[in-house]
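You will see chain A twice below: alongside chain B first, and alongside chain C after that.
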Partner chain A sequence: MKKFIFFTPLIIIFLILSMLLFALLSQNIGNKKTINSVLLNKPIPTKTLLSLNLNKLIDLEMYSGSPFLVNFFSSWCEPCKLEASNLEKLSEKIPIIGISYKDQKEDTYLFLDKYGNPYDEISYDSDGNIAINWGVYGVPETFIINKNGIIILRHPGPITTNVLKNEIIPILDEINL
Partner chain B sequence: MNNFIVELGHIALVSALVLSVYQFVIVFFKNEKNYIIIPNIPVLVFSTTLFSFLTLIYAFLVSDFSVDLVSKFSHSSKPLIYKISGTWANHEGSLLLWILILTFFSAICSSLKLPERFHSLLSSVQGLLNSLFLSLCIFTSNPFYRSTLIPNDGLGLNPILQDLLLAFHPPVLYIGYVGLSVSFSYAIAALINGEIDKKWAALIRPWIILSWVALTLGITLGSYWAYYELGWGGWWFWDPVENAALMPWLLATALLHSVIVLEMRNELKAWTILLCILGFSFSLLGTFIVRSGVITSVHSFASDPERGLVILTILFLSTAIPLCIFALKANLFHKKTEINFFTKEMSLIINNFILVVSSFIILIGTMYPLFLEILNGSQITVGAPFFVASLSPFMISTLFFMGIGPLIYWKKNSLVHFIKIFRYPLLFTLLIFLFFITFLNLPLMFVVSFSLSFWLIINIIYLILDNTNILTFFKKDSKIKSLSKYHLAVCVAHIGVSVFAIGAVSENYFNEEVIESVKPGEKISIGKNYLIFDGITQKMGPNYISEIGKLTLLNIDGEIITQMFPEKRLFPIERQSTTEVAIHRKISGDLYAVLGDGDSSKGYTLRIYYKPLVSLIWMGALLMAVGGVFSLIANYKKRQIHQNI
Partner chain C sequence: MRNILLISFVLLLNPLNVFSIEPDEILSDSKLENRARNLSKGIRCLVCQNQSIDDSDSELAKDLRKIIRIKIVEGKKDKEINDFLVEKYGNFILMKPPFYSETFLLWSSPFIIVFIGFIIIFFSLKKTRSEN
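Our next item is the complex of A and B:
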């Protein structure tokens, strides 16, 4: 029994490591809840973005005055395909700025052709620098910005129908009042 | 020519791997007759790695964009210093830097005078570590990888990383992380060798202090960078990357103290060995969390699952095998002794316990979201509230025990003696506490931590007075002594902790924040003072365009105190902007201004923070590191004396 004590660190570390292995191998597309961010209730970190075809600057200031949505997406991201139809629905209610994250431009265009283009404007974040500024974990990730340019919701993960119904729509209703 | 030099670096890296495999296996063939003798293998491994690292720096310096890494993280217009620091501002290059330090330490160890069997075991363990990390570098993160298409110019380095402090932050932190690998290999070699005693503790102690000092400095640099560069107005955010550095620091702090008990009293053998192993494992765990994207993979997808798998394998090998040996060699630790309660060793044990529990709390906080997600798919985040709430009781009580430890004796002590030493400090602390609680209406937690910080300082002062005989000066036969180096180290480091604690709690309880949109000529009030916004000017930097705001700080009587120039920089190549915070520093607190976006007609968003005593946080951390350096010097002197005898 006494000797057994000396095995406990091994067992604990083993459990931790197997958990990490499991996390590494499982890629999980669940419903994501809101994650608090340092940026929540703060002004948006970038105000000007370069558009996807690089021919103009998108001035996010132009959108302030009314709420809008910022959505990080990528053609290589499976859940982004899942949320495409819901974003389409959302785009009827609120302008959406898409930011194509670490992607090839051609692939982004193909993706938009295939799954629809819900975006008012599309910007291009080839190396993830914009995403760093926004504190993005990964794609897809969506931010709702109110009319004062303050981030009021951050949603990592796809906008599933559930998320749309239970999280996004209530907030939109709230700020449209 | 450029191509040739870079290829040479690549070849050097591969030969470093071959040599370090040799360094690992040679111990198994020592008794055979015909083994090939190559002298100074660890030194050779280091020199080849150094050469390879220098060629990578060279590739960055001449902007050789045929190297994939250079094209991704550099740009021909970048200032020279950031071309160099760009070498380690990415995964591949920083891994090479890590290996460079690893092989350097292993080369140093090979030149130390150590018992022969222990020395060859040590060299073999370090050879294994070298080969594991060199394989990781060569096979999954090769910095010399060439791109098939050579771009005209590079993508540039993320502007927030273009900072002088941040150029030094990774190397210093890595010295700390990798320094823990030395104590790790010392522990394994000692386990196999079967000799864990006072001598071993004396040998390992300088390494522990060295890595502790480097970790302290590295974390401080990082925290200070986050404070003035990110413009979020904070100095610690409890994100996984920061936690990854804090956990090994806490364990190293525990180890730093437990090894003293081992050296002085021949106790805590198993515990010290375990801390040696875990200290390094935790710094690897940190690397894994940061690099594999496993924590972010919960929220999206691992950036590179394959690389994560390799790091996890290394983590597994370097943790499970040593812990197995640890468990099997448990008979080495068999010893029954009683430790009296009112002794130095007991206070050190209690502080060790607190430090280790704290680092496990951080581990749980960092891993819990992952764990819950695996169990039931639900998602939560553990943020600052969890860490602050669960850690502060431990941190506060550690202040209390830190005040006791340095003053009491080893082995034997009684309650009476204990009370005799601590009656005045206790009384004084109680008075401070009562004064604050009755006359100033302050939060209880603040008052408790504040008075305990003073408790620590009072005890340190008492220690100084007692050891220099100033207290008994007026009695007969008493001479003033100078403070020993060992005590000086203890005093400086412990005062550092209390200075840090005072800064941290004050900042936490009394910071103020104002966010306002202002037009030129308008004013913002903060605390007793107010700021007038005078407008914006534009300027060109070397590789950016900047907007500079001008703020005039006035006191309540309308007298000008200072002018502040918060700045926003737009980097056209990286298509990104950064904020340059304007900070008006005073010992009593910082005024911190961040310029947001806007124009002169609609007004600019300005964020103003007042952070009382915030500079004490870094000053305290710096004092801790200085204390560590003193202790290193004391150790070195002691060694020299021993050698001369």
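Our next item is the complex of A and C:
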């Protein structure tokens, strides 16, 4: 009986702490992307980009007025190959700006020849600085930008058919695309 | 033979000081380089998460180390560089997240546990005394 009385507060405290931890973790799981995406609901961090062939500047503000998509990719990135066909499908609905991340230009061109080119414009991030400016963790990573130039979605990882159907298309529908 | 074994044992206990930082990254000014190293130790490698970018070999860590050095050379202060990284990646990028509502439990849990411990000791002592 003595032991029971002594351990009762301990058990109660343990249960309270477990519940707190559970609540905290389940909140984190539910909002995994929003917690990591500090750029969400903020204006695009880069207004102009240099094109892949370095012969012109891509003015992202020219795309303002209608939504567009920014996709970081690379020829050495296996998941980028996985999402290529889905990006093709998306390109029929929304303009896509591709940013070739830390790649050899020749390899980027070969990649586009082999897996298709869904991009309206392609820029080149040779040293990864543009990616850091966009808070990118790795490739592929995709951002949806609304007509006001605000980032409304960041998707780390490939645009799989499932992601396309359950994450991207509903947002495009929301913004009437 | 005994000495060789002893040296090997000591070396095993003291992991070799292998740096992830590459020679081309190091700044020629040692003061600036020290600043960069200290800053890098406080920045989390986001793709490995339990390492600082100073310890990590990942591409992102390497890029972040480079950008820290570029900003130091540009004359940016440590706080400005940290703020830039937090602006891009959030507070999670800091190895020591600041105290704010979301990290309240993280920072306060040791104190809460110690406090609870004191309460338990207090009541158990009180009970023992009353029984005596």
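We take it that the second predicted complex is superposed on the first by the 140 of 177 C-alpha atoms of A that agree within 3 Å, B and C clash if a C-alpha of one lies under 4 Å from a C-alpha of the other, contacts with A are read in each partner's own complex, and residues count from 1 in each chain.
Note that in this section a contact is a pair of C-beta atoms (placed from the backbone, for glycine too) under 8 Å apart; a residue touches a chain by one contact, two chains touch by 3 or more.
Predicted, not measured: the structure shown is a model, and the values here were computed from it.
> With both complexes superposed on chain A, which partner does A:L50 reach: first (chain B), second (chain C), both or neither?
It touches chain B, and chain C stays clear.
> Answer with first, second, both or neither: which of chain B and chain C does A:I13 touch in the superposed model?
After superposition on chain A, A:I13 lies in contact with both partners, chain B and chain C.
> Which holds for A:P95: it touches chain B only (first), chain C only (second), both, or neither?
After superposing on A, A:P95 lies clear of both chain B and chain C.
> Once the shared chain is lined up, is A:A131 touching chain B (first), chain C (second), both, or neither of them?
So A:A131 only meets chain C here.
> Of the two partners chain B and chain C, indicate the one touching more residues belonging to chain A.
Counting residues of chain A touched by each partner, the higher count goes to B.
> I'd like to check the shared interface: which positions of chain A are touched by both chain B and chain C across the two complexes?
Residues 6, 9-10, 13, 20, 24, 35-36, 38, 127, 129, 132-133, 137-138, which sit in both footprints.
> Within their complex, state which residues of chain A touch chain C.
5-6, 9-10, 13, 20, 24, 35-39, 45, 102, 127-129, 131-135, 137-138
> Within their complex, state which residues of chain B touch chain A.
72, 155, 158-160, 232, 234, 237, 270, 274, 277-278, 281, 285, 288, 292-294, 296-302, 305, 308-309, 312, 315-316, 319-320, 323-324, 326-327, 330, 333, 363, 367, 370-371, 373-374, 377-381, 383, 515, 574-577, 596-599, 605
> Please name which positions on chain C make contact with chain A in the complex.
Contact set of chain C toward chain A: 46-47, 59-60, 63-64, 66-67, 86-90, 92, 105, 116, 119-120, 123-124, 127.
> Considering the complex alone, what residue numbers of chain A touch chain B?
Contact set of chain A toward chain B: 3, 6-7, 9-10, 13-14, 16-17, 19-28, 30, 32-33, 35-36, 38, 42-43, 46-48, 50, 61, 77, 126-127, 129-130, 132-133, 137-141, 149, 156-157.
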